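As written, the chain order gives the labels A, B and C, with residue 1 at the start of each chain.
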Amino acid sequence: METLQSLADGFAVALTFENLLLALLGCFLGTIIGALPGLGPSNGVAILIPLAFSLGLQPTPALILLTSVYYGAMYGGRISSILLNIPGDEPALMTTLDGYPMARAGKAGEALAISGIASFVGAFFATWGLVLLAPQLVKVALLFGPAEYFALFALAFATLGGVASRNQAKAAMAAALGLGIATIGVDGQTGVPRFTFGEVHLYDGIDFLVAIVGLFALSEVFIFLEHRASGDASTQKMEIGRITPPLSMLRETAPAMARSTIIGFIAGVLPGAGASLGSFVSYSFEKRLSDKKGTFGKGDPRGVAAPEAGNNAAAGGALVPMLALGVPGSGTTAVLLAMLLALNITPGPLLFQQQPDVVWGLIAALFIGNFMLLAMNLPLVSLFVRVLLVPTRYLMPAVAMISFVGIYGISGSTFDLMVMIVFGVLGWVLRKLDVPLVPVILGVLLGDQMEKNLRRTMTIHDGDWTKLFDSWLAIGLWTFAVVGFILPLIAGRYFRPKLADSNKVEGADPD
Amino acid sequence: MSDRILGIAAVALAALYIWRGTLIEPSFMSDPLGPKAFPFIIGAVLAIAGIAVAVRPDEEPVWPGAARLLEIAMAVAVMVAYAWVLRDIGFVASTSVAAAYLSWRLGSHPVAAIIAGIVIAVGIFVVFKLILGLSLATGPWGF
Amino acid sequence: MRKVLGFAAALLLASNIAAFAFEPGNTECIAPANPGGGWDFTCRQVGKALQDLSIIPGTMQVTNLAGGGGGVAYAEVVNKRNEDLNLIVAASSATATRLAQGAYPGNDMTQVRWIGAVGADYGVIAVAKDSPVQTLPELLDMIKKDPTSVSVAGGSAVGGWDHLKVLLAAKKAGVEDVRSIKYVAFDGGGEAVTQLLAGSVQAFTGDASEAKGFVDSGDIRVISVLAPERLEGDFSSFPTAKEQGIDVIGANWRGFYAPGNMPDDAYNYWVESIGKVYDSKEWKDIMAANGLAPLNLRGTEFQAFVKDSVDSITELSKQIGILK
């Protein structure tokens, strides 16, 4: 009851005309930033910090603006995933798998609407989770030592096979490629450069944004160039379809949203796991559980709802360790943390007691932003889908140039642009060979953390490998990982002939 | 055939990767595992996956003809040139040219392509520079 | 507020007439990292203060030039922007550490002009609240007896600043082979403290600002502060290492450098300007909010200070074998 009283106080702080206006502005800018390839929630928030300063905002309004941008970007990322097959930011990666096939099948409007609703569900319940469970959840985060984190990442990669590709060997190859790319740069544990060839630009490693934009956006441009002469049949305008989802689709996806919200939220609470892992685990879990007819990956609405609910729930979950421990659970919360410090607010165990007005004002702002985004996103679906009406001969050059700017504007590095072009060509080749791109990105994203946690475990326990399985939590995670890896291999042996037949009919063109 | 080449290329890449991995010079102070172990594990996975792909290849993809390959190569060349001169001639000018080229090659009439290039460049400039305040390449004319 | 501004404007007017021939144009601050990090923050905060105090005309453009732990920006300034009069670049102890350890290939600290510091974050060594360890010498004795019994967590890489602080202390305490100390690198102090709370490690090395929230809540106990004197405020009850007979100071400073060929009039202008920011009340508030302690070094003094820290880090890195 006390909690609800505090929340009401929070709303009293947040519900002013000025704050609502700021929330609207933040949601709008955030959605745009999220949808632009290369700009995601973390640099979106960082870019807009000066705006908060130059408007001379007090702490609470400044936080309202920036958290609206944060949630807005989490919503926005799905737009380019669905319409263009280019993830607007890294957590929206999984949404391409079913979102783009839906758009190609003339259901772009439905995909956008259902994913908007899923985003809302994920973010809404995650915010409630933050309200009701934050103090208890911190204890969950403390259960995770390096060994448990390593097991968690192993679980993510073990269940990868079959999620993103029909060919497990190719998925494994793609993951290894991504993990290998992640090892480029100065080794965080010992400071030794690895695979840098003495090139100073490689010392920080390869930014996953460069990889993601190159692999997805530029390779898309190459695909269009390749197909142009062979008749405009493959590149002609797509059907938009209806812009509201039918009720039956909502009913069908509701359980997926519910499950994914829980999974995503827990992944968000764990520092270092973050929204990408949240959406990934949500998707693969949902596929395992409910993909009875093999429709995932071919435009199943549940495959859109699951990762979007998952990544937005993770965004809410990531605020738990940031507020309660001062530990950012993701890149974005790291930026928000810096912002809090600048506003003379020290997050940490005592924040809820010492500055309740800020915390509850922030939480109220999250609710407001979330409702605003839902209200903004559903009517705007009809506007977003108009992107598909732009002829590709104008749309694709714009996508390519936005990709370049998205990378250059953040890092100011010509070298990064060159690397991005290399990734573009690589992405085109891999797509031709039907090697999935999602595991590559996951490898680049998670490889560093995975290795670090393995080595931390070894350092703490003087190289004793058995310590990787030293807690019930770790053993549980490993069990899931092993089962998740072996099951599709066995199942594949029985079902492969059938699947191969059905693939010939519907899945001939993997692009 | 393509998949067999892919598999062999992956094995070769894994070998190259592991070989470069052995050249990493660990510093005096190192954790028990060191900077080499993880790359070795990844290299092994890559090699195994490569063998599996080479042994059981999928269906052959449809490769484009020489003309289409040249088209893609030209686009890559334009992009590289774009990245190269971006800082020297500024954002708007270089972006207009690159976007116009891509638009032309994707089937626009040349005049339409030039207009599209300029509109795209100016549009991006407005959103990224004027609204979001990012620093784009300035160039001699300040834009 | 208005008074401060008026005063600053008067100062500016006076200084423009009297001291400087140099007129700033479109000023720029390079943050050698992506938005959101410490360097980015230094640029944006100081840039904002320079503007608010009307020291520079208009706004200061913050450019992010990430790569190589600051090495890309360093090389860019040395190679391409060596004559730029309107440019300053954010730097910190990490810059000095990397320069000392040769992590910017082909560059050294003499290739740029060091402007001044805007504050320092002193190092702390802490344990969990239920740890039996009460003092720094106790912890170091445990390490001496059995190095495998203690894992120390910190937010920088091996050989980075958080690690070096522990090694410096251990060396002073007479640990023979400092390389045997188990140091576990995490991504930032926050994660390291969390693992201390989770019980994965036995001790934490980091900056005072990183530990502040957990000190207030009583979850961790600071067993020594690596400052010349006790810190003010919340940290005043914690003893310095020096009090405990281990004479080590570890300050993570933040400051700026300028291109190497900047002529004296422009250089002096920047030294004065950063100094004015440092002296302002606004900056005092920002320092307090961010857990920065005073470190007032400008111009040649700062240049000498950076040289000293580079030299001593080089020395230490050689002794422990990071450098050959």
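Everything below uses one rule, namely that a contact is a pair of C-beta atoms (placed from the backbone, for glycine too) under 8 Å apart; a residue touches a chain by one contact, two chains touch by 3 or more.
The structure presented is a predicted model; accordingly, all values stated were derived computationally and were not measured.
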item	value
Category of the chain touch graph - line, ring, star, complete, other	complete
Pair joined by the larger number of C-beta contacts - A-B, B-C	A-B
Chain centre separation in whole Å, for chain C relative to chain A (CA means)	33
For chain A paired with chain B, centre-to-centre distance based on mean C-alpha positions, whole Å	21
Whole-Å gap separating chain B and chain C, where each centre is the average of the chain's CA atoms	36
For chain A, residues that touch 2 or more chains besides their own	47, 50, 187, 189-191, 410, 412, 456, 459, 462
Residues of chain C touching at least two other chains	62-64, 158-159, 322
Overlap residues in chain B, where contacts from two or more other chains coincide	27, 29-31, 135
Of all residues in chain B, those that touch chain C in their complex	27-31, 135
Partner chain C, residues of chain A touching it in the complex	42-43, 45-47, 49-50, 53, 141-146, 186-191, 198, 200-201, 203-204, 207, 271-272, 321, 325-328, 331, 334-335, 337-338, 341-344, 346-351, 354, 410-413, 415, 452, 456, 459-460, 462
Of chain C, residues touching chain B in the complex	61-64, 158-159, 179, 320-322
Chain B - residues contacting chain A, complex	2-3, 6, 10, 14, 17, 20-21, 24-27, 29-35, 37-39, 42-43, 45-46, 48-50, 52-53, 56, 58, 61, 63-64, 67-68, 71-72, 75-76, 79-80, 82-84, 86-87, 91, 95, 98-100, 102-103, 105-108, 113, 116-117, 120-121, 123-124, 127-128, 131-137
Contact set on chain C toward chain A in their complex	34-37, 40-41, 44-45, 48, 62-69, 71-72, 75, 101, 103-105, 148, 151, 157-160, 182-188, 190-191, 193-195, 197-201, 209, 212-214, 216-217, 219, 285-286, 288-290, 322
